[in-house]
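Structure, as structure tokens:
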């Protein structure tokens, strides 16, 4: 291991042995950006929860270093107790106080919150989480999703400087996620609270995260900016089927009538569902590889609005699934991935360097 | 009148003694129980056993040893004497100390079990919510251990009220100072004043019954509101 | 802790003398205006307490051995020892006794209560009486022992024992008179109950006054009326 | 309420008041098919868990009727205790016995299993759930996902006649889901064990379920065959964005080289990733509306293999999202949904009754 | 020899009595504790209080009332007599009954608290796994209540060993039948045979200490293997 000296970041270098029969050893050395959302991704049992617990100081026998910005929470000689670390923690199993009602659980947090940094308002959180009507119930009287929402609210109301969230939305339906995600997104960007976010949903991760860490068997196997990781062929994501790229550009046109906006990047434009973005603002869009098809010529009688002229940069077939091939395209300098059948690639005689039309059925706005 | 002035003195004394002893016991048992519930040390077994020791000796015999120990010849007695304390035996303070020794296990055990049952979850949650160890203890551990505390208080109080062997030995049956109801009833029985003994016993039982029934009912009501109906 | 009782006289009294001493204390208080504080317990317990500096002035024991031992260990004033009462043993039953002969009565009873001969003088006396009638071994099999004479009385009173050897003073004090067979006083050694003034007393003068009061013929006569033996045999 | 007299089905007619501050009342009357998977869908707090508990007999004060096939478990006069109902139950929070190791938890189930009906083998389940290595650990020593997998294994090993699963896969990553889902699917079709499956993931639901119930505030707001529901415009699914249809047909061609198979239905053929299916067998495929684009003519130089000739049956715009329009197409008699931008529809001047080409980028095999 | 044959008889008798009483108490306390832990009935408070009642009276006085109650004139005594039982007082069986009455609260309370702490979860899981109520009770409730049972056994055993007032009263101090160690030690103290009292007390304390320390250590070891390290 090397010694790092970046000051403005969450620096975690940890070794943590799990007593027990499966000799699990978490051994990581991470520099996590101190803004935005860092996704923690990995199969069940890979050590995600253990890592969060180490950062929070809940594992006492941890060897290593934990430092947020200039504050050392833990090294070979210090160990800051968990209650002195300015974190918010959403436990995987909610972990509400059983003797307190939902409201009292929140009050517990509010009473002990950092008064100097009141970024998060009670009314906002309650309304967002939709827990108004269950506030007087005890945890045993809440549904699974209600418990989880109260737990998120509780962790937010402590006004943390670092938010650790262990699969916070797993028990929630999509509609609710759609309400809560943008708030979390906004919050972390506005309040400058870095979030470490464990999730099994690649969708959620891509939507929320700027940085990404993939764990396997206690080791970091992939780490980096989400854009970089997503654009790379052959990363762990190939496992997760829907590889994507994120493109950044400026909003160049908006049409209220059609509910669409256009993003301009690398001399190309791409249409997307209009949201609250301003004309001229910078925006990130996600393009999933499975939404991209290729054609040799441009077809104007198709319902697919986005047809970009691109060159084929690379083609990789998936060893596990020979029926599919991943094609890396360059739209100017911007990489785009297309996942097509091997048969199509053959029929169209696709070659590296060839110029083709990338038809993009739908795009998702990221921020 | 049903009760002689002596009886009434004994009643007051008993209430004073039992309340004080229960209160003090709960205070000192709390750290002991906490340590016993949480420690991983090998000392846990032995210390647990030591706490239960006072139970094993017959009360009068325990009282006898306490007398030896606290008396002018006893180790603790001499030590306390050097510190300028007046001797404990035959005083109310002595009764309090002796009753505490004897009732200690009944107070420690329920609290300890309640502490053990809490588990890490709520404590960890509280820790991530900036609650210091003390804050966690007061606002999480103690409320969650409430049934244990109620048991502890009931057993401790009742046992102190009914105790008698130790009290007689250490207290010396001095009216208004160490003659509690149990001793008074015993004296009535010995003096063949069975009527007085019956009425004092009845009073004691009724009073204790009312207090305990009230205590338990309060506990039940609170629990009902927090939990849903039962299976089985 | 307050030791307010220093002004009055504090008596440690063996449990079997509770009823008489309560009466006598009233008499004494009326006579002298001095108040008495009474503490009861078994002689053994009171002895252990006195050895550990219990704040008593006078010890009224149920036997002689313990006061003597206190004198020996300088816990009591040597020349203050007096025999204040002599026990009178009876055979008592709540229900009518089948025979007037003690021996038959003992043989007919299913359970007999006596006080523990090792601890209680009345128990020792009962054992001697039974031995002198040569029924000790028969009685032993159906015998239950009370720790003291008070418990023995309760065994009989509750009719769990058919009959038992108790003190006459108890039978007289209790409401349930039952049926009694008197035991000749030559069947057992005298049950002498001794009293001493304790060395640590702050109130020796008053203590002496009380001892004198206790031994006064009229008071002694009163004690006999309570059920104690009249004169040495 | 009317009286039903269908015998071969799970019949549930229940009223269940939740004591507590929020006056929640579950009031349902359902006929659930006695084979296959029935998905229970609905927002957090809508009563899904409550409904499962009522069916299992865990709620004592329930008024109503529960009948599986010819066995009445509960009516106005009988109440079969939970341990006499031949169910398997996966609780939302795993609910393992804390005093038993993972293995002992499974043994608990095996010992009490229905010996006459040993469809589910221990070795299979262990291997499938991937819990071999943690069998000797206590629940407190398991990760969230491990706990959940042990709980599924435990419920399967009781050899139930009806399986109630309350969000069984919520704590698992996609890769693991991909392993477990097909097994569950297969199992329920082979062993004829009906499953009632609570899930928040529409993907999971569509993949697994044959029948579907949507709850809201304790009431059933949608109910029916999944194919029917998915094909209907304007059902609750419009909320959940990715409406789909399921088509059934026969496998008409297979090419090992390309790893593809073709399904024939309503005179059309459609290519899909080859799996284990046999030539000539019947198969179901799912087509998501967002994967379907329309063009006025056929383009053979496109990487999109599936180009079906269809007629436009209906067009509905989403009141909440004016930028998009849902087009219902008929391929022969088979409905297909396409979600395209309003702008495209306008540009192509799409009309009801018009014949167009439906380009389908990818399809998912369901069974 | 250090101990007289009488002492040794008393030791055996005590062990027999305490083991039997503890065993029986655990058996009868289990349903009582279960009912108390689960019921929603208003009777819970009163019955809980009644269970604690024997504590409130001084042991000798309790013994006196038991004697009256169980004696030939007593309600229960007459009833048992009509059923053809031999009278309980002054018999080993009587000792057992009396000790049970007196130690009941110490056994019921810890078990009851342990039962209450279990909650619905494990019971519901077991019910869905075809476990009948009895099966659930044996294989889920009892193992989960183990710490409560250990406390109950310790308190019950120790209290029976040390008990003395009631035993003295009901037992009648019959060698090898009802003369237990506590009585024997008491006798030694009363007879001023302090040396014998010391050695018997020491024996009793050491023995109890070893048993209890062992018991607690076993419990600790098991628990450690199931739970992870502590916070705080």
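To keep things simple, chains are lettered A, B, C, D and E as they appear, and every chain counts its residues starting from 1.
As a convention for this text, a contact is a pair of C-beta atoms (placed from the backbone, for glycine too) under 8 Å apart; a residue touches a chain by one contact, two chains touch by 3 or more.
Chain identities (UniProt): A, D = Molybdenum ABC transporter ATP-binding protein; B, E = Molybdenum transport system permease.
Treat the numbers as computed from the prediction; the structure is a model and nothing was measured.
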If every step must land on a chain the current one touches, say how few steps get you from subunit C to subunit D.
2
With chain centres set to the mean of the C-alpha atoms, which chain is at the far end from subunit E?
A
Compute the centre of every chain as the mean of its C-alpha atoms, then state which one is farthest from the centre of subunit B.
D
In whole angstrom, the CA-centroid distance of subunit B from subunit E equals 18
Quick one: subunit A and subunit E, Cα centre-to-centre, how many Å?
60
The distance between the C-alpha centres of subunit A and subunit B, rounded to whole Å, is 56
Each of the following residues of subunit B touches two or more other chains, namely 60, 64, 124, 127, 133, 136, 189, 227-229, 231
So which bits of subunit D are touching at least two other chains?
58, 82, 93, 141
Among the residues of subunit C, which ones contact at least 2 other chains?
45, 48, 154
Flag every residue of subunit E that touches subunit B in the complex, lowest number first.
38, 40, 42, 44-46, 48-50, 52-62, 64-65, 105-106, 109-110, 112-114, 116-117, 119-120, 123-124, 127, 133, 136-137, 147-148, 151, 154-155, 158-159, 161-165, 182-183, 185-186, 189, 197, 201, 204-205, 208-209, 211-217, 220, 223-224, 227-232
Quick check: in the complex, which residue numbers of subunit E touch subunit C?
60, 64, 67-68, 70-74, 87, 89-90, 168-169, 172-174, 183, 186-187, 189-192
Using the touch rule from the top, collect the residues of subunit C that touch subunit B in their complex.
1-3, 5, 10, 12, 15-16, 18-19, 22, 37-41, 45, 48-49, 52-56, 150, 153-154, 170, 173-175
Within the complex, subunit E is touched by subunit D residues 56-58, 81-84, 86-89, 91, 93, 95-99, 108-109, 112-114, 138, 140-141, 154-155, 158
Flag every residue of subunit E that touches subunit D in the complex, lowest number first.
121-122, 124-133, 135-136, 139-140, 143-144, 146, 225-228
